[in-house]
Amino acid sequence: MAEPIGFIGLGIMGMGMAKNLVTKGNSLIVWNRDISKSEAMATEFGCEIAQSAKEVIEKCIITFSMLSTIEASDAVFLGEEGALCGISPGKCLIDCATLTPEKMVQTEEIVLARGGLFLEAPVSGSKGPAEQGTLIFLCGGNEELFGRVKPQFEAMGKANFYLGPVGQGSRMKIVVNMIMGGMMTLLAEGLALGSASELPLADLIQILDLGAMSNPMFRLKGPKIINGDHTVNFPLKHQQKDMRFAVELGDQLGVSLPVSAAANESYKRARLEYGDQDFSAVFEIAKKQK
Amino acid sequence: MAEPIGFIGLGIMGMGMAKNLVTKGNSLIVWNRDISKSEAMATEFGCEIAQSAKEVIEKCIITFSMLSTIEASDAVFLGEEGALCGISPGKCLIDCATLTPEKMVQTEEIVLARGGLFLEAPVSGSKGPAEQGTLIFLCGGNEELFGRVKPQFEAMGKANFYLGPVGQGSRMKIVVNMIMGGMMTLLAEGLALGSASELPLADLIQILDLGAMSNPMFRLKGPKIINGDHTVNFPLKHQQKDMRFAVELGDQLGVSLPVSAAANESYKRARLEYGDQDFSAVFEIAKKQK
Amino acid sequence: MAEPIGFIGLGIMGMGMAKNLVTKGNSLIVWNRDISKSEAMATEFGCEIAQSAKEVIEKCIITFSMLSTIEASDAVFLGEEGALCGISPGKCLIDCATLTPEKMVQTEEIVLARGGLFLEAPVSGSKGPAEQGTLIFLCGGNEELFGRVKPQFEAMGKANFYLGPVGQGSRMKIVVNMIMGGMMTLLAEGLALGSASELPLADLIQILDLGAMSNPMFRLKGPKIINGDHTVNFPLKHQQKDMRFAVELGDQLGVSLPVSAAANESYKRARLEYGDQDFSAVFEIAKKQK
Amino acid sequence: MAEPIGFIGLGIMGMGMAKNLVTKGNSLIVWNRDISKSEAMATEFGCEIAQSAKEVIEKCIITFSMLSTIEASDAVFLGEEGALCGISPGKCLIDCATLTPEKMVQTEEIVLARGGLFLEAPVSGSKGPAEQGTLIFLCGGNEELFGRVKPQFEAMGKANFYLGPVGQGSRMKIVVNMIMGGMMTLLAEGLALGSASELPLADLIQILDLGAMSNPMFRLKGPKIINGDHTVNFPLKHQQKDMRFAVELGDQLGVSLPVSAAANESYKRARLEYGDQDFSAVFEIAKKQK
């Protein structure tokens, strides 16, 4: 029988990912801060529940983790009873969270010091793709480990990339989200200008979708923006944080990013009032003032 | 037998449009400054060649025009022997050029004063769509005329929109091109940041194409930019002009466009050196300096 | 006895300028749209009142004009009975308005065609300096005429510059006002950041005034901004117009102006609500949002 | 006889400050990493030389420090033999460096934990004001200590401000330098636009100096920029770092700073090539491209 796979973190993303792992032939040992999520996985799929994140790592050769913030990650990984204390020679950890390159390097150092293997694997894609198994994995770190867990990546996603040393996965995520955030500010400015011009905005969305800029995001968000619907898929405050990361990465490397920096300031302007709404709410400060 | 349709201006765009008109059942009377283009149409399709643009209008109820710049438009339309002098009650002119809203209104005034009907119909799409009959027509002006020439729009394009009074077609085009130009600056900044981060750029392009931002422009231009290929489809200086129009339209209407204005300044920075190359050459000033 | 000097336009600026001319030894022939201003000058200083602006030019070798907008200028200068029809060989016109370089060149062409001499002389300085005779004249055009009217410039101002052909005076004004407008947005952002940081803003103003950035504008406007006092000296909508002129001039010449363009967008954002208040009201949109 | 005053760090700034303290009646115990500076102070003024920074604090009730970077500060203050280990109940430390608010709070915490008193006192002003005793002290922390060392501040500077808890001095410095850096980019853009317009740049500088924007920085730097002289007073890379701090502070507090962010991107663009030159070198990337 196959080795069980560990899975730490059954939140919005992690739950979908774990389900795809198990339905595609893996047996899982799981842990989540809120035990009801683990129990659901046990009841439905017969997963084993560990007493702690550390125990997951101790019981499995290969463990995936999906913790949403630096704070959650630190709370679970670090400290005397932290999960990373479960690392011993040969243990493998694949961290799918989107943190900073610096944070990922720090985790790697601890894992390596204990004889383990580490791979960062932040994902592109949100709740829907997690459930449907169509995530994209942006990996950095141990390339041999990347090869070993390909079957698991394929169970959870539609694509996976090995991008170099730890940090490169997170940097790729930052670049991709910078472009995404910038595109949303352009859609917002375009709708604002179209609205002030008294153009039919539904037609504007349709025209964009017929041409070289046609993309799923405009197609999905455009009509919602027109209706003032900023139901959250990706919170504006998270988008702003990613724009800040991008501007800072450019600072470190000496790359001037005037358009993205302007977009960042628009998100900053919007954040206090609209931070918890969808990032499409940047439209609310783009539209004709007064 | 059906009324012949007039067509003025057989340039890169106009030639493809005229061919589609004729192959889909219209008989044409054509005029072009360079007569060799007209002769090609006569030889290949049996089109009648008029002695002047004015004569086209005099001989046809409905005339389409496709002149690429304000200067070309003025040279052909205005003056004592200008084409607009051929307008008499009931004559219809459909101007497919991308000029300014103000210029279109000015042409309309002359046409109306002579008893004619006018429609602006700037197109979204370049040489390829013109040849393939997949243009998008963005129309403003006489709505009844819009209805009458639907068959011709359908012969030349895959979509057509009636957007309101004259000026609204041009404004829609400005908004669409503002978003397009902004997206290209974001792609340029993303590639610059990725390059400075030593990320594999081909992977970046592929990752963008797998997600919510997937769009034909990134797919087409991304690999070319990586190869330093800025073979011109849409000249950078024209994109910069359209960004300027957008910023100015925002100024007229009181819409602040900080991201688009930053993009405009990037195109301005690139224009002197790269103005005649493709607008993707904005990457050359985005990439790591020094 | 000395030749009388013509003066057209006794508005906020013109009245102070005319008074300084007359109290420093010039005899004036004046005209103003609102005759009560002319009558005040006649009663107090014995100035002669002309029946029209054209008559001023006909009666004087040298005429100064100070009309505040392009619209006012066109209304007085152009047309069959316009003032410029009073120009005949040897007549000299010095236009002190702040219009565009293009407009000044157009006026010059008419004056030259009638055998006259022309000097543009836009001023730096507002109501106070006009009254106190401390304006700065930024001149372009006929250099010999510049030399002839030096005594009059000295009666009205503390400095005068000959800058080259017509247009260069207006361009200098645009550059100066671009810097001024940009500085005000920086003061606004600094006060906004200081306020959100809970710094004592009066101290911030004082610290700025003790260092290398110490300048009369910050000294004057800083305390007013803190008190929410945007009593108008220079309307925000006029500052925004000058920023737009600067950005457009950069566009013509291929100069990228990212900081000034961002400042322009801030003024655009403020204009609908605060356009008639002082340009310091740009602070209202800079301060912490929400 | 008066208590001796401790002084740690005799660099470009510290040397001038120490001299002013001693020539105005204080006796000093000094330490500097490079002992030759300490020996110069001993020879010329009879200052006592300590064996370590820690010894300075042990021997004095009140110690000033002036260490130029976070790295230098950490190297001297922290660690088992670090200067902060010399703090015991009642000892007073006044840190005149320009670091971050967070760094100052961290130092304060260590000092307080050992029973000491702490004041941050970053200065506005560079080498010249340090030598001439005309610095401006921007203080945060223990207000009673601020009162006690007023005589020393007055020996070294022309003004001193108490601004609140530790961090507020550093924040004031950030705001002031943000405005300074922004003003330099405006001067650069103005000179670039003036140059492209073929305006006489010396006149532009003079006109700015005659009006409401007249300030020592433009007066000093303007002529140097025209001559391509960027001899360093304040390195461009330090100005860029301060702009970044300002943008980040705005991010923390939810203040959108579009103009300052654009200025930051201009400094980023200039940094790789001109980072060690004066911050006026931002002009080199503002001037007409190509």
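In this document, chain identifiers A, B, C and D correspond to the written order of the chains, with residue numbering beginning at 1 in each.
By definition in this document, a contact is a pair of C-beta atoms (placed from the backbone, for glycine too) under 8 Å apart; a residue touches a chain by one contact, two chains touch by 3 or more.
These numbers come from a predicted model, not from an experiment.
*Asks:* Find the chain most remote from chain D, comparing centres computed as mean CA coordinates.
*Replies:* Comparing chain centres, B lies farthest from chain D.
*Asks:* Can we say the copies chain C and chain D touch using the same residue numbers, with more than half in common, or are the two sides different?
*Replies:* Both copies touch with mostly the same residues.
*Asks:* Report which interface contains more C-beta contacts, comparing A-B against B-C.
*Replies:* When B-C is set beside A-B, the one with more contacts is A-B.
*Asks:* Measuring centre to centre with CA averages, how many angstrom lie between chain A and chain C?
*Replies:* 55
*Asks:* With chain centres defined as C-alpha means, what is the inter-centre distance between chain B and chain C in Å?
*Replies:* The computed centroid separation for chain B versus chain C comes out at 40 Å.
*Asks:* Touching at least two other chains at once: which residues of chain A meet that condition?
*Replies:* Correct list: 250, 254-258, 261-262, 265-266, 269, 272, 288-290.
*Asks:* Which part of chain B faces chain D closely enough to touch in the complex?
*Replies:* Residues 258, 262, 269-270, 272-273, 285, 288-290 of chain B touch chain D in their complex.
*Asks:* List the residues on chain A that touch chain B in their complex, please.
*Replies:* Against chain B, chain A makes touches at 124-125, 136, 138, 158-159, 161, 163-164, 168, 171-172, 174-176, 178-180, 182-183, 185-187, 189-190, 192-194, 196-200, 203-204, 206-208, 210-217, 220, 246, 249-250, 253-263, 265-266, 286-290.
*Asks:* Applying the document's contact rule, which stretches of chain B touch chain C when the two form their complex?
*Replies:* 240, 244, 247-248, 250-251, 254-258, 261-262, 264-266, 268-269, 271-272
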